[in-house]
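Each remark here refers to the structure printed beneath this line.
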Amino acid sequence: MSQDVLQQTSVDLAVEVGPLKLKNPVMTASGTAGYGTEYAGLYDPGLLGAIAMKGLTRHPREGNRPARWAPTPGGLLNSVGLQNIGVEAFVVEKAAICAELAEKGCQPIINLACATQEDFIESVEILEEGCPAAAAYEVNVSCPNVKKGGCAIGADQNALASVVRELRSRTTKPLIVKLLPLVTDIVAMAKVVQNEGADGITLVNTIPAMGIDAKTRRPKLGSVTGGLSGPAIKPLALRLVYLTYQATKMPIIGLGGIQTGEDAIEYMLAGASAVAIGCGQFSNPRAPLMVLEEMAAYCEEQGVGSIRELTGGLILE
Amino acid sequence: MSLTTPASKLFTGELPLLSSDSYGPVSSGEDVAIRLKTFLLPEEAPAPQPGQFYLVSPFGEGSGVTFPAVVVHFDAPSRHLKLAAYSSGLEQEDPPTDALFFSEPEGFEPDPWLAGPLGHGIVLPPEPMPIGLLACGPQGVVLDGFARSLSEDVDLTACWVRDAGSDEATPPPGHPFTPFHSTTLDEALEELEWAEWIAVAGPKAFLKEVQQRLSGTDQVLRAYFGSDFGGCGVGACLLCPVKTQNGYARQCADGPVFDLRELVFE
Amino acid sequence: MSQDVLQQTSVDLAVEVGPLKLKNPVMTASGTAGYGTEYAGLYDPGLLGAIAMKGLTRHPREGNRPARWAPTPGGLLNSVGLQNIGVEAFVVEKAAICAELAEKGCQPIINLACATQEDFIESVEILEEGCPAAAAYEVNVSCPNVKKGGCAIGADQNALASVVRELRSRTTKPLIVKLLPLVTDIVAMAKVVQNEGADGITLVNTIPAMGIDAKTRRPKLGSVTGGLSGPAIKPLALRLVYLTYQATKMPIIGLGGIQTGEDAIEYMLAGASAVAIGCGQFSNPRAPLMVLEEMAAYCEEQGVGSIRELTGGLILE
Amino acid sequence: MSLTTPASKLFTGELPLLSSDSYGPVSSGEDVAIRLKTFLLPEEAPAPQPGQFYLVSPFGEGSGVTFPAVVVHFDAPSRHLKLAAYSSGLEQEDPPTDALFFSEPEGFEPDPWLAGPLGHGIVLPPEPMPIGLLACGPQGVVLDGFARSLSEDVDLTACWVRDAGSDEATPPPGHPFTPFHSTTLDEALEELEWAEWIAVAGPKAFLKEVQQRLSGTDQVLRAYFGSDFGGCGVGACLLCPVKTQNGYARQCADGPVFDLRELVFE
């Protein structure tokens, strides 16, 4: 059905995140769609513009102890703690999935969530060699769910610049940096990675948060603090996308609480070139396809010939 | 692993609810009843086995409120699918919509949504052998549901263990087979000594206790582990971890039924 | 009714925010309860522990152009833009309200939201003279809804230290600083104000955010960006209270999305000494009283003799 | 201003809904009907005047969904309070719960909550004089409600102006008095030339237009200004500003009825 709708639409859905070309603007968010095949029993992930793989680290990680999630008003609190198989196992077990996705025109994006600059460098070197089908690297310096690493780099302009510089010199593939959302001046951080040659920015990761159970007087998450995602954070994320786009005009992948086509359109108007669906898939596993269809329908209704035109199209009088 | 997983492996959709039945309480001290619901499963969905699990939402697709329910019976010709789940907190004035529940506040019109079957269900051993079922508290419903799906000539003993919080446990009424014991854990384990294969369901503390007490036997122990369930239901988000000797497994995709001896309780 | 419940409870509800003594831990949040009398037709505000007045500036401000609010999932987006009568009119028109509240044992707290250090100093000087009944100053360096001022001070450790130092030397009344929530390291900011002699901290103000209407392609707020409050932000706020309390043990007024007694208890367990209700009053104007009653009931159920015991009582194993 | 404001000045509570009636549509091109609802107002609440406003929520206290509804009638002995509001978007499958609305999706059980009366309502001038009502679009319901509360000997002309988005406007049917005109704004203003006091209700663009066209007359112009309404309803939050020549006023506490000549449209 979805396939039909998308084939029939007169809207040009192709977008570009800098040098990364997507057949349509909808991707799945890292960490919410596994390694690309988990939803394959429900729909063909090859229909999407891109799939961001679960965040990888240099070595496998066991992840945080349960509980790993708690519902919040309008949101979801999580702390997976980067449970992943590590880059070496990834190139052995999952590189073929990347190739298969790429063949279908769906860009496989590798999310890297290393704790140190050395790990980032080694990981990219292993992937350059072992996963040629990877379409881009998403450099995740903003995972709130590990004790050290990501967040520390994401909060420090020098460390961030250095990581991007080192990776830039090691790959010609698009480098997209997933910035830390909990900063006072997002534009300054965006300019840092822009100056070092990053091709785009992803906004936002989950936002550091916590839950407490009044009755038991205990934290709701095994790791005490975690990250907040879902509709609750959309207003915060939209502002970050808007400010970053206004100040840098960098290509942006916008996400945070997208559940409908309108949500996604809001991100594009704020300045996003593409959008990603994260925990929206948990209540509706076909959300990415539905969002894509609704975006196409919006464009048809509003007489938008190419969906690219929407990027930054917010009207300010 | 390949993208060509058949589209019928998983099924998701809003399903017509054909009938609904309930009995209980299944254990005293808690306001818990068992719900049996029969749905009409469409042709394209794979035929599920008794003991497999579906992810259920009473609020329709996209509501975010889901939990696994066990397959009690599937009638292939009519495609009637009977699932069992338990209802707690029925008397609450304000049912917790942010919690997992399957109760029906007055006037509530369920809008059932199913996804599944999930990874591994309870599967009888290939060779006939003496079978035991060991249930505790509301989560024991999965064994009750499973038992109802068995033919009466299965060589089986089922024990419903008292809930820790109460003096007496009520076994599900009208159970289709005997012997069925309502007892303490000590008595239950004695009762089940003859069994070579035991399925266990109950709260974490109960599973842990059973694991310890039976550490010396060579019985096959299959455990239903279904707490902290949430997230994607297809193995993609890692929000449903269960600790095993090989690290964290996923309740939804690698379970929700595990080898009890491999589980690690922290 | 509420009065009865509170008189009958066996729980000792009194709390202290540093030197500021409150007969109970519930206050209204600045900007959501006007100048203290607006809800008086519905219940006696004198029953509450404290009332934080609408944020004042040195000179009157007209505020932002409409629309000033938009609903979001689990939250409320607003941009009042500090519409207020200015400190001079305040001492003439509202000092008597402060005196009347104080007489009822409800502490009137003056929220100051100046744009510059000079304005802060002059305002405190005017209030020291003209509003002796003021129980404390809440130094708001975190209003997201003004073009310059507050936020700029709140994000700059030196500017923040300087403001607190100057005010500390001009008043012996409790100084409570309402910090900027959108910072990577809240503990560092808390330590800055602690070192300068602030008596407590308020967490959180609304969090910078925005809304977009996909259909009209326009911002939902007249001022484009605004601040997010309500249950959506509670998980973010709880974490800030928790981290700040763990690191500094400073007295904290916790708020953000409190609608029930349990919400308030969560803040106390995280480390708050008192709590405030903001936009929760808009859907239930008697929310502060209801929250107070529910907190007392929680203590009774849990055998808590004095509500102060809950502060920082989160159980971490 | 003192804390001793009588507790009866404002009233808030869940009120029993006695009856509900509706008619419409009131303007073509939109799916809008007028709802008349009668509540039982408790003894402790102050007696409201026709033309005053209550804040209404169909979803109960604490739902966050509120809007002002005009008092059509208050019967002091029985304490029956009749309010009018309009319903739009009735045909939407998924009524916007985050928007202000007063529709009743099928099967919806209203749980009415009222607060008020709000600041200033529509109040007839103290001396009898020729009265005009000028309504446009769904918000004109407030004038319709007001008109229904007037005795028939009030010297009155009411004009229902075409909605900008359509060719024709439908006046509320079964209106209890005449003359009642459905017309264009030009015709309406001509019709109302004789009036010394005019109450106006409609969208912002309409109010602005009326203000401009009547800038040369010395008619008293009372305007219902009720857009962007939200927040506390008691004047505490400043979320409901309306620009006047003296800065921003509050719709809820200083309005929602203003001197049209003092409003500033940006």
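We just call them A, B, C and D in the order they show up, numbering each chain from 1.
Rule of thumb we're sticking to: a residue touches a chain if its C-beta (ideal position, glycine included) is under 8 Å from a C-beta of that chain, and two chains touch if they have at least 3 such contacts.
These numbers were taken from a predicted model, which means no experiment stands behind them.
A.B. asks: So the centre of each chain is just the mean of its C-alpha atoms; given that, what is the distance between subunit B and subunit D in Å?
C.D. replies: 55
A.B. asks: Provide the C-alpha centroid distance between subunit C and subunit D, rounded to the nearest whole angstrom.
C.D. replies: 35
A.B. asks: Could you put a whole-Å number on the gap between the CA centroids of subunit B and subunit C?
C.D. replies: Here the centre of subunit C sits 47 Å away from the centre of subunit B.
A.B. asks: Mark out which residues of subunit D touch at least two other chains, giving numbers and ranges.
C.D. replies: As it turns out, subunit D has no residue touching two or more other chains.
A.B. asks: Can you pull out the residues of subunit A that are in contact with at least two other chains?
C.D. replies: 73
A.B. asks: What is the shape of the graph in which nodes denote protein chains and edges denote touching chain pairs (line, ring, star, complete, other)?
C.D. replies: line
A.B. asks: On the basis of the stated criterion, which chains touch which? Give every pair.
C.D. replies: Applying the touch criterion to every chain pair yields A-B, A-C, C-D.
A.B. asks: Once bound in the complex, which stretches of subunit B touch subunit A?
C.D. replies: Those in contact with subunit A are residues 1-10, 12, 61-64, 66, 98-99, 115, 228, 230-243, 247-248, 253, 266.
A.B. asks: Please output the residues of subunit A touching subunit B within their complex, sorted ascending.
C.D. replies: That would be residues 31-34, 36-46, 54, 62-63, 65-69, 71, 73, 78, 80, 83, 93, 96-97, 100-101, 104, 259, 279, 281-286 of subunit A.
A.B. asks: Under the definition above, what is the set of subunit C residues touching subunit A in their complex?
C.D. replies: Of all residues in subunit C, those touching subunit A are 72-75, 77, 151, 155, 180, 182-185, 207-212, 214-219, 224-225, 228, 230-236, 238-239, 242-243, 257, 262, 265-266, 269-270, 298, 313-317.
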